[in-house]
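Report on one structure; see the data block that follows.
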Amino acid sequence: MTSDRRFPVRLDLEKGAVDMSHGSGGRAMAQLIGELFQRYLDHELLILGNDQALFTPPPGRMVMSTDGHVISPLFFPGGDIGSLAVHGTINDVAMSGARPLYLAAGFILEEGFPLGDLARIVASMARAANAAGVPVVTGDTKVVERGKGDGVFITTTGIGVVPEGILISGDRAEPGDVILVSGSMGDHGVAILSKRENLGFETEIRSDSAALHELVATMIAAVPDIHCLRDPTRGGLATTLNELAHQSGVGMQIREDAIPVRAEVAAACELLGLDPLYVANEGKLVAVCPRDQAERLVETMHGHALGAESAIIGEVVEDPHRFVQMETGFGGSRIVDWLAGEQLPRIC
Amino acid sequence: MTSDRRFPVRLDLEKGAVDMSHGSGGRAMAQLIGELFQRYLDHELLILGNDQALFTPPPGRMVMSTDGHVISPLFFPGGDIGSLAVHGTINDVAMSGARPLYLAAGFILEEGFPLGDLARIVASMARAANAAGVPVVTGDTKVVERGKGDGVFITTTGIGVVPEGILISGDRAEPGDVILVSGSMGDHGVAILSKRENLGFETEIRSDSAALHELVATMIAAVPDIHCLRDPTRGGLATTLNELAHQSGVGMQIREDAIPVRAEVAAACELLGLDPLYVANEGKLVAVCPRDQAERLVETMHGHALGAESAIIGEVVEDPHRFVQMETGFGGSRIVDWLAGEQLPRIC
Amino acid sequence: MCLAIPARITSIDVAADTAKVALGSVGKEISLALIEDAAVGDYVLIHVGYALNKISEEEAQRTLEMIAEMGLLEEEQELDPEPTSTVAGSGGQR
Amino acid sequence: MCLAIPARITSIDVAADTAKVALGSVGKEISLALIEDAAVGDYVLIHVGYALNKISEEEAQRTLEMIAEMGLLEEEQELDPEPTSTVAGSGGQR
Amino acid sequence: MKYIDEFRDKALARRLAETIAAEAHPGRDYRLMEFCGGHTHAIFRYGVQHLMPPNLRFIHGPGCPVCVLPMARIDHAIALATQHDVTLCTYGDLMRVPASERKSLLKAKAEGADIRMIYSTQDVLRIARENPDRQVVFFAIGFETTTPPTAVALKSARAEGLTNFSVFCNHVLTPSALQTILSTAGPDGVQLDGILGPSHVSTLIGSRPYRFVAEQFGVPVVIAGFEPLDVMQSALMLVRQLNEGRCEVENQYTRAVSEEGNRKAQALIDEVFRIRPEFEWRGLGFLPNSALALADAYADLDAEQRFPVEIAPAKEIKGCECPAILRGVKTPTDCKLFGKPCTPDNPMGSCMVSSEGACAAYWSYGRFRASSAQPQAASRL
Amino acid sequence: MKYIDEFRDKALARRLAETIAAEAHPGRDYRLMEFCGGHTHAIFRYGVQHLMPPNLRFIHGPGCPVCVLPMARIDHAIALATQHDVTLCTYGDLMRVPASERKSLLKAKAEGADIRMIYSTQDVLRIARENPDRQVVFFAIGFETTTPPTAVALKSARAEGLTNFSVFCNHVLTPSALQTILSTAGPDGVQLDGILGPSHVSTLIGSRPYRFVAEQFGVPVVIAGFEPLDVMQSALMLVRQLNEGRCEVENQYTRAVSEEGNRKAQALIDEVFRIRPEFEWRGLGFLPNSALALADAYADLDAEQRFPVEIAPAKEIKGCECPAILRGVKTPTDCKLFGKPCTPDNPMGSCMVSSEGACAAYWSYGRFRASSAQPQAASRL
């Protein structure tokens, strides 16, 4: 970043705050983009300053996915809204089997938000994007009045290219297929809850926020016929399985004992009256594949750092009700329903 | 939409409101998506229910662009946040000369927002997308607590394909090039201001919100060597010209008399102490092209409904200061600077 | 200082002491609390939502004529230039 | 009703009448306003941020043994089954 | 987790199940009412019912404080928040309980009422301290277990001189509900052979208050912990009492329940509260001496007195069988609304809200049993 | 737009310019102070200065209410909003004026103060009515033009019995400032040969109050409209007075300005306000009888009395030449901070904020004249 004659006074990243002029479209916004966003997100397409990014993708099928990120708190153990906004969308792209190519980022800033915090978030976003090899190539910034936002919202959109011969979709689960998860459930949601003021419990648990596209690439290289992939984010594993069952018109049968849940997560859930199966993840995936490929798939996943704790947790069954059923760790059997309402801490 | 056994009680689009459970990821969210979003945005890729959309674009160079829409009021003469979110992003894609292909839409809803208003907005979005032939193929919904949002924010992302031989970018303006606008300036901003409670003036002015990609297609068919295109949105014509001058390292010289401004817009601006050159447009473009193509271009634009009032307003000049200068209607000369701060109504 | 715009009164609400004014085709409601004898068709100067004063059509016309005369260089002029009014003079209205 | 969880006291703030408790590796601060004689190492039942009661290690052990015994079908059993306590009996603690 | 994991052991469960099956006489019914929603929850979450022989049936009782709260009290709370613009604090469990006119606290919050979910009464005090210019009302619910934390908050507020804190009190008393259930039992009421007694309520009140059940009504009681092995052991203890013709109050949950309970907490309750002459319970009607109000010395902190409200009579949902379910005389599938339109996402009655409510438990965990097409077993895994 | 477009005619402007050039004697200077920022704005926006001969120079006066407001008053307003948590309402013009410590109302709002931009005093009344539990303070600024609307609001508030409305009064008086400028004019102060008199102020106060300028100080005055032809005609009228050795108060703006002004508005001001013994003007210091405060009968609606604040002495920006610019003795380019770091985006002084401020006008419209590389003309178009 060279000094720009348009902006004789540099942004004050120590004590400054977002004000309405930063969203005006005028010089103050140009300065915010130049001295903050482009300082970290320094891909040539973004620096160019057009309202869109131009690139030549490899030929073939593409995917596009978008996700708004509205998390509170903005900074949490294991990440922040910036890294999350990168991982969250990369993962949605990757869940089609695609190799993610580029990201777009739309920021909605609340008047009064500290510029220093914004810089931390954007820097984290840049690190996450660099580490994943998926650059942010275009963006947008809006400012809303105080009381009409919540610090920062980031909506990211990703595009990617699907390798030939891969067809992964939520409607492809078939009776007999095997259901896998790539690791422990509930880490992200518990890490977030642990930072909510009034719940105030202490835990070492960190968000699992991570970009899963490389794990996915390894998986489809080994087992091209994966039927479904999905990241169990909001609503947790339970809701994701219900979504897949609904889309594919099948039932599912899982075993509680087989589902990896960290002891700390289990403990925090006991304390709050939550069920870890409904708690959000941001660096895990659910896979559905043909039975005869399952062992090979789980072994491949074990070979990747983000899949080291992968496990087969159940199978797809025929069921006109599209229920997800679970054999409990206690030996009983129950439905694992969609999340109803919000997952709220409870006293009874 | 057939009745879905997951949702025995239909959403109440008359009296219902968004609550936190609609963003939980659970069944309430699935219902909102099924009975509201997919009811209007009924593209097969969206209906499929994956977290991403899969498609095969034509080969070649592509563009991606994203824009957050945070407008207040949500409904205004000539449009609403839904149609605006479609037009705004299609236009940013089109300003590269690209043919827009698909849109992604990320919604951030405030707890308590009436479902009926949301349905109106999504229906309007669907109409705008259908009319433009650019479907919304993937989306996302988040709900924030009351007081942490402002009804609805919509971030749309678009992708498009650039025809071969077209290279349009903000850094291509050259001294001698001619500057054109596609119609009257300031209509959108004045239409919005007219609905702000405390300004309360009455005008027939409607937002010019429109998708410009067909106009652009006509333009590049006639004049493939257009150098720059940009839609003068926030910050208005003045800021857009300064952006282009800055990107290209040139100055600009325009004539106030040549810039189309509706009488009503001029009057409203007098009343509020605003300058129409700084007022936002949502259905207009600025074009920069070689001098010898300018006549042909303006004639082509006149032939399209959205360019009927197109005009040549000035030219690109050499200027190390990258100033935009204007010969005033009164015969004087002045700088047309970047918008400073916000464009606020003033009393002196 | 003091952005004020001439606008035409299109209707008057006597009870509320307010008027609708038009500036071209733009309408606005303003207060008449500061002036008297306003009538529909009058032009008034609007400042922060209040009518400050009426505008005299004849005086405006006189001023424009004066400007036109002044713009004729001395050799073209037939009349002696004259100020449009002086404090001591009879100009000014209301 | 009344979600309550056993957790171990890891430290006590006598002045504030609060304690830190651990449930596995999860820590939480709770109020001791409802119990007396709590000591570090004690297990307490936690409900809405308060310790309700201490948990008796011996009684828990006895209950588990009883369950194990009960789980032996009659023919495997050596001891007569016996309720872990009755109101009239000597069971119960504090 | 100590004291948790051991009581969820699958092998022990299987063996206990075999013992119960072996000891239960095929010729008779064992209709055991679990008073507490906590037991209901455990039974469904761990699938305990289907480890039981068919003639041993759990009957779900009224021991869920959310379920028994009458609609009028939720209406009252919403009126407090909307008519007086107070900050209303409550436990998360209450947020979705249906009020009249398809309202709920969640919807009132969405419409702009200042309603906050708290986890502990300490949070309410903090909110009151941090917002001295707002009136902060704690919407208190719960049985004897949840009452002492409210008492502590009231005492703290008084000691600190917090003038913007008050309590909308809905604490209820277990023995009164038990009394009612038992006195209406019989051919026209619930038919039951034994009772699983409250778990955490008993840690507070002790085991003694249940004597009347055995002595007056001749129904055996086993005070039972909330873990699934606790429930199973207690069921076996009841089977044995019944088989042996005994009728006692036994205590399975000795690791936490004593005869006299928590005397310190009891004293606190006595100091801060007084017994209401009567209080409405959903399903059970107006029961005498069944709930608490603030003692006279604390009357100035009583939100019902501080903020008078006007509310229309509650409009119960037609067809909702919560009252009969709470009395144990019907099961969720007897309700015509169950599943259509009443679901946890659109609860028509309180029993569909709390995870301890019979309808919610039945829907979330047990619904597939009611469905005709049983999916194939997962034994291949 | 009637009464607007006619006065912006390019052809008439060119001919007036030729007349002025012809009549201005090359041997002498015509230093004309436009008192009002409105004139300054018009001169820059329409490029009037460069239609003038080089020896006719406009000197920008102190007639911008935003520019002359001392920093201490902005500090005071911010303190009102932050120390008393009132709703502070003000015209948009003030939002970005620098206060001490690089604060501004805009930044205070961003940090959470409840500061609202209004367009009319009627809006303030509405806000007060709609928020009966909040104190609403109107941060009133302006010369005689803007004062009567404040008076109307005060009278309405009194009549309605609005108890949550008050005014932080900063209305100032034009003649006092003129007096000061003229009494310090001369070798050490501003050198001026004539004055373009206020336009809209004069619609209120009439043309009479300017007599002292001609009579006492021997400086000719022409009361001038705000359209660019008004400015040019007035300049010509001054040139003619000077050439003819006359020294009068002439009125170019007869379509809106009479000798006696708006008597109704004047009476309202007399009723609601009283003259302050002295008041600080940025650049001019503490001037006697130069501003208004609320009359005793309205003292209870005076925010300065209702909400006492503690503020540190204002910290003026070192190097800012606003004071000298407002006195007409320096021009913006004389300021070392002009353009670096002081710009409209980061104003260091009030003259860089208002579009009527000399520095802002100079920056936004006139900067290129100061730049060495003049771009080529656009005559080819």
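We just call them A, B, C, D, E and F in the order they show up, numbering each chain from 1.
In this text, a contact is a pair of C-beta atoms (placed from the backbone, for glycine too) under 8 Å apart; a residue touches a chain by one contact, two chains touch by 3 or more.
Chain labels with UniProt names: A, B = Hydrogenase expression/formation protein HypE; C, D = Hydrogenase assembly chaperone hypC/hupF; E, F = Hydrogenase maturation factor.
Keep in mind the model is a prediction, meaning the values are calculated, not measured.
Participant: Please give the intersection of the contact partners of subunit E with those of subunit F.
Facilitator: Joint contacts, listed by label: A, B.
Participant: If you check the contacts of subunit C and subunit F, which chains show up for both?
Facilitator: Expected: B.
Participant: Indicate whether more than half of the residue numbers at the subunit A-subunit B interface occur in both copies; give same if so and different if not.
Facilitator: Answer same: the two copies use largely identical residue numbers here.
Participant: On C-alpha atoms alone, could you tell me the rotation angle mapping subunit C onto subunit D? Nearest 5 degrees is fine.
Facilitator: That pair's rotation angle lands at 180 degrees.
Participant: At what distance in angstrom does the C-alpha mean of subunit E lie from that of subunit A?
Facilitator: 37
Participant: How far is the middle of subunit A from the middle of subunit D, if each middle is the mean of its Cα atoms, in Å?
Facilitator: Inter-chain centre distance comes to 40 Å.
Participant: When the centre of a chain is set as the mean of its C-alpha atoms, what distance in Å lies between subunit C and subunit E?
Facilitator: The mean C-alpha positions of subunit C and subunit E differ by 77 Å.
Participant: For subunit E, jot down the residues that touch at least 2 other chains.
Facilitator: Expected reply: 1, 4, 37-38, 64-65, 91, 96, 106, 119-120, 123, 142, 146, 343, 345, 356.
Participant: Would you give the residues of subunit C that are in contact with at least 2 other chains, written as numbers and ranges?
Facilitator: Correct list: 1-3, 5, 23-24, 47-48.
Participant: Please set out, as single numbers or ranges, the residues of subunit B touching at least two other chains.
Facilitator: 20-21, 26-28, 263, 266-267, 270, 273, 337, 340-342, 346-348
Participant: Can you name every chain pair that touches?
Facilitator: The set of touching chain pairs is A-B, A-D, A-E, A-F, B-C, B-E, B-F, C-F, D-E.
Participant: Which of the residues in subunit A come into contact with subunit D in the complex?
Facilitator: 200-204, 263-264, 266-268, 270-271, 273, 346-348
Participant: Any idea which subunit F residues touch subunit A in the complex?
Facilitator: Listed in rising order, the residues of subunit F that touch subunit A are 96, 106-107, 109-112, 339-343, 345-346.
Participant: Of all residues in subunit C, which touch subunit F in the complex?
Facilitator: Residues of subunit C touching subunit F: 1-6, 8, 23-24, 31, 33-36, 43, 45, 47-50, 52-53, 55-57, 59-60, 62-64, 66-68, 70-74, 81, 83-88, 91-94.
Participant: For the complex, which residues does subunit A have touching subunit E?
Facilitator: By the definition above, subunit A touches subunit E via 198-199, 251, 253-255, 258, 263, 266-267, 270, 272-273, 312, 314-315, 317-321, 323, 325, 327-335, 337, 340-342, 344-348.
Participant: Please give the residue numbers of subunit F that touch subunit B in the complex, ascending.
Facilitator: Touching subunit B: residues 1, 4, 8, 10, 13-14, 37-38, 44-51, 64-66, 91-93, 95-96, 106, 117-120, 123, 126, 142, 146, 228, 343-345, 354-356, 360, 363-368, 371, 373, 375-378, 380-381 of subunit F.
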